[in-house]
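The structure appears right after this line, and notes come after that.
Naming follows writing order (A, B, C and D), and every chain is counted from residue 1.
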Amino acid sequence: MKKICVVVNSRANYGRIKSFLTAVEEHPELQLQLIVGASALLYRFGSVVDIIKKDGFDPVSVVYSIVEGENPSTMAKSTGLGILELATQFENLKPDVVLTVADRFETLSTAVASSYMNIPLAHTQGGELTGSIDESVRHAITKLAHIHFPATDKAGELLQQMGEHPDNIHIAGCPAIDLAEQSTKKTCTNLFEKYGGTGENLDWDKPFLVVLQHPVTTEYQEAARQTKATLEAIRRTGMQTAWFWPNVDAGSDAVSKTLRVFIGKNKNAPFHFYRNFTPEDYVHLINRCQCIVGNSSSGIREGSFLGTPCVNVGTRQNQRERGENVIDVGHEAGAIYAAVTSQIEHGKYVSSNLYGDGKAGEKMADILSKHHVDIRKTFYIA
Amino acid sequence: MKKICVVVNSRANYGRIKSFLTAVEEHPELQLQLIVGASALLYRFGSVVDIIKKDGFDPVSVVYSIVEGENPSTMAKSTGLGILELATQFENLKPDVVLTVADRFETLSTAVASSYMNIPLAHTQGGELTGSIDESVRHAITKLAHIHFPATDKAGELLQQMGEHPDNIHIAGCPAIDLAEQSTKKTCTNLFEKYGGTGENLDWDKPFLVVLQHPVTTEYQEAARQTKATLEAIRRTGMQTAWFWPNVDAGSDAVSKTLRVFIGKNKNAPFHFYRNFTPEDYVHLINRCQCIVGNSSSGIREGSFLGTPCVNVGTRQNQRERGENVIDVGHEAGAIYAAVTSQIEHGKYVSSNLYGDGKAGEKMADILSKHHVDIRKTFYIA
Amino acid sequence: MKKICVVVNSRANYGRIKSFLTAVEEHPELQLQLIVGASALLYRFGSVVDIIKKDGFDPVSVVYSIVEGENPSTMAKSTGLGILELATQFENLKPDVVLTVADRFETLSTAVASSYMNIPLAHTQGGELTGSIDESVRHAITKLAHIHFPATDKAGELLQQMGEHPDNIHIAGCPAIDLAEQSTKKTCTNLFEKYGGTGENLDWDKPFLVVLQHPVTTEYQEAARQTKATLEAIRRTGMQTAWFWPNVDAGSDAVSKTLRVFIGKNKNAPFHFYRNFTPEDYVHLINRCQCIVGNSSSGIREGSFLGTPCVNVGTRQNQRERGENVIDVGHEAGAIYAAVTSQIEHGKYVSSNLYGDGKAGEKMADILSKHHVDIRKTFYIA
Amino acid sequence: MKKICVVVNSRANYGRIKSFLTAVEEHPELQLQLIVGASALLYRFGSVVDIIKKDGFDPVSVVYSIVEGENPSTMAKSTGLGILELATQFENLKPDVVLTVADRFETLSTAVASSYMNIPLAHTQGGELTGSIDESVRHAITKLAHIHFPATDKAGELLQQMGEHPDNIHIAGCPAIDLAEQSTKKTCTNLFEKYGGTGENLDWDKPFLVVLQHPVTTEYQEAARQTKATLEAIRRTGMQTAWFWPNVDAGSDAVSKTLRVFIGKNKNAPFHFYRNFTPEDYVHLINRCQCIVGNSSSGIREGSFLGTPCVNVGTRQNQRERGENVIDVGHEAGAIYAAVTSQIEHGKYVSSNLYGDGKAGEKMADILSKHHVDIRKTFYIA
């Protein structure tokens, strides 16, 4: 049995890797070692660990590693603490492969710990261009990783240009699309009744918007102003809105504070605030909504497959590959309002396979079960 | 005044950046913030901090960050601890630029801390190919860094291929060559008298070899066998030899133990063991020796400028660019012996400017004083 | 100049040591090295560091050391991280004496770091009995400390019984009383106008209550239920109430959540929620209020000097020495309600010097300036 | 099954708790969770973990937590890192009781982590007086611990005086004596042949001395001078000597260096240097030797039971309770020499039960299986 260790560290991580976790558990030659850590353990970010357990996964360990402060220096420190902790976990679990998801600081912790420990490192979402520190970190992880599961063809080409050997690049699509694909086949109960959250009651049978706007870490002092522009635009639409609290990042305190002040002053705005949905429910939600607004990659990624109209605000997703469903705007209330109105009018787009066809998790598990990963890397020059 | 923070973390770091430290201190628009940490503080590695202070530098702080154990998991943990610590230092020092040297785990700590903290990161030795985890880490740091000071033209090209913008790539040569260049202009006292160390007395006026062989972290369980092959070969030459203890890396305990056992059994072998020389004295030493043997990059790097014959053993420097002065061999005593003999016979090579012309430190300081570094990176596609 | 390093780590710390900080700064033979860390840096706990700076103190460094999670294991981890960080600070600051305040986990970090580093450790509030993990930690710090500043005679006797030498025990009173004493001499502006907070507007000229209820770490799973009992009782009084968010401790998330849910359901309850007041304003507030309710030590400590009626709820202050002004009750809404009503009826108590006469800060500074502290401790047997 | 977690962190820890580990494993109602960490993992300190595994114990995890440097600040940092790591271990292992041994910094890590995590903490060797930072730490741990296993009656009384409840104090004797008791019933092979080490060959059938001298952390800058005095005295006796390398503590680098320089200059002195013996072999060794010299507690502790003559040098064991077998001297070569000579002349002393009768491990396991430990502590006043 090959031991595949996956570290799930955040809300976003989990939905982006869940179908792979299932595929590993079901694979006869693979054994899953699931570590849950960082913001995935925190109440403020929706206690993702509880969702994971409810989904039937049994973590081998939990690892608290977020240094509180939500500013650039605590992001750095959380990275460091994550490495310290994960090294001990890997030392004791002795996995054959470690898989790390995407590009956040907890992801980098996993990558640094396993690569220094001579454990073959698999990485998803490598080669994507997006701007921001996340992109730099994503590429840094690529240079530490031994086997790559980029989501798109273009991303795969970029990995090769950066010196990764084509034999180690496997374009499997993104596991997030697997959940989207499954969700389109199922009916969905009233999610507004299912989840608590705070704010006005929303009507599941009426049109609604979804908003997710994270602080951009290189602009984190702008976070309050940027949040206000979106709040202003959404209020102007008059539509009922499911709004998600931001990620744990430099600036998220400022975003949260801005949202709280807005709630205080606009008690009857038809907004409801959520910490977290299960990945499946989240996909159902953005499949059903009129438009997804903000700077979450889900509008672009899952959105392209689902055909959900998306208004992408600001620089956070700057260079990310996108389908037809996205309109980009800056942090101006007027521009955001106009784009949302136009998207609502347009309605659903045609589904695109840009980010995968819904079989990523299985493909990845299969490749890991067969592929021998060489721990020594050589810079590949075409 | 622009505050330039340099973190010196090891013996090798210091010699490779010293001329830049001097150039920053002498530059009217730059202020040096020197942090000394990791193995540069440890007695076992020659208490480099004492040399630094004797050279007239005044560290703003010292930071202990090596987790003891010298195996893969403690290398990872030392990286994590370094990040935790350096983030606090940067938070309080508020540098305008952080400069990190080369590719070791302490270097990565510096890079991760400063890049997450939105502090422009300068990096030396980027773009060099060498094999081993050091290369992966070097490239990972490149992807986090904002301004690059590669040593060679070829390295500069590789950085561009990896997506770094040519405006941020400045080929200045390696500051290590600055010391080599200066050393060729000065006479040198008897270094065997100057330094303590252990073992047989060496005669400064007779020919001698220099050996430096580090464990290769991806092969660290081979460290003892590899050390034995070199010991065997060198003993066969019968030449007096200045031998340096290895770096703090997974496997260095095994190397040290092998050396101690050899000393125990061969009390009269003309070997003398040293922990550390000042960078200048080290350059004098390898300028004067008949041949430098092992897997230190100094034989290739400073060696090319000095024309010192070098026998490079094993995979650690596999792909490093090299001049005429290097013969490569595997970890077999016979092959090492033959190569050393042949190099002694050949004698000095013609000096090469492959790694610089001796003005790197000044050039780098000058560029940092003038260049505005943009904290936002964009992947460069030619 | 003797360098006195004080680590201020929380809201409570600051008010309990501020008059000493001033006394050190004004003392001709002492130099203050002020480090601000842990929850004193966090927005959630009122950004105490900003108050400190506004008060004219200039911290030599800030140190983020809270591991997020607010459960028993993150309290332990925050202690560990604090030690790691503070050791580096002390290494570089080289203080002659370190002073640590009271009994929380950040206090223990300071104590462990300085005592292992052979730096004489001064400690305030030693020898007090209170129940809870805080008491154990307080006594553990006593056994590490070299010079003791207990607040009361009885506490001083207990220190001696625990083996501390009488020469090292100086009963100076609590510096918190210094602020209380000063506050009684000054008039105070409308604090409800000065501070933001959330909730209903309060009228400064009408009677009001103050509530502060922290989770008890050994009962942290009870935190929600305990908070509800107090909420219920206070609501029943119908009085306007200034309510403070709890400390960062295991269980504080549960307390905060309970408060938020209550606010959501009782939008017109005359409660206003505050994160933090400056220490002086806080003392003014509890001097002016009809009754202080909850489990903060301030009701007992500053309350005894101010004569403010106090209803102390639950076990957190179980064994703390108290004056006439305190009624103790369990976590039952009815009992709390009855006690509050009775205290309001009683009105102000006579001022007591149980916890000091208002000159503690000066006395402590004076003793430190004159007293040679021996780093070697001997168990004292009377 | 009650889960008993024991953290073994050093050479000394292991011998002092081994019989308890065995008793827990053999007890029908107890389950052992053995964590091995800190210096017990390091080659420099004899790789105790290998001995533990050879003895048939199967650690649930290993935890590297020593920050290299061996000075006061790295001792503090190692304590902090230990807490960080152990908190994660306890979080995942969920023990019913944690047991911590004696008084070193790793012991304190265990105590802080478990007490903050509301896990009942058992402690051995509490209440002993010895001078040095170890004593302060021992008492600090006492104030954090919930159940005490002091070795002697006098120690038990001291615990009570410090406020520990007599119901939680169980005088079981020291488990180290269990090994001593067993060793006296077995014959022993030639240990000089069994262990490697470095230096001159020793003859098992001739009289020999054993030396163990650790740096005293509050005097760590004196370590070299103190080591020289002992070296000088022992050389003067002309006797063959088994000498152990010191613990990982501030100053141990200086001790090691002094020993190495001595070996370099005195190649024929009949000294042999050892890193570590198994606990049983160590007890055999000090049972057989003519005299044990230095400042290890084993001369006093196991020595009292075995009747081995002991020369205790310096302040490290200052106040430790001792039997008839000990002569105390300062760090003067002459005094040490005289005392050793006198002890050799005297020969074996009568066995004493001061530190136990050889059944401590079993008694402790039995008590833990029956005793309900209350996590809430109340200061006990007789």
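As a working rule, a contact is a pair of C-beta atoms (placed from the backbone, for glycine too) under 8 Å apart; a residue touches a chain by one contact, two chains touch by 3 or more.
Everything numeric in this text was worked out from a predicted model, so none of it was measured.
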Contact-richer chain pair [A-D vs A-B]: A-B
Centroid-based (C-alpha) most distant chain relative to chain B: C
Whole-Å gap between the CA centroids of chain A and chain B: 39
Gap in Å, rounded to a whole number, between the CA centres of chain D and chain A: 50
Residues within chain A bordering two or more other chains: 64, 73-74, 77, 81, 84-85, 87-88, 91
For the chain D and chain A complex, residues of the former touching the latter: 60-64, 81, 84-85, 87-88, 91-92
In the complex with chain A, residue positions of chain C that touch it: 41-44, 64-69, 73-74, 77, 81, 198, 248, 253, 257, 260, 264, 267
Contact footprint of chain A on chain B as seen in their complex: 72-77, 79-88, 90-91, 105, 108-109, 112-118, 129, 131-133, 135-137, 139-144, 158, 161-163, 217-218, 319, 375-379
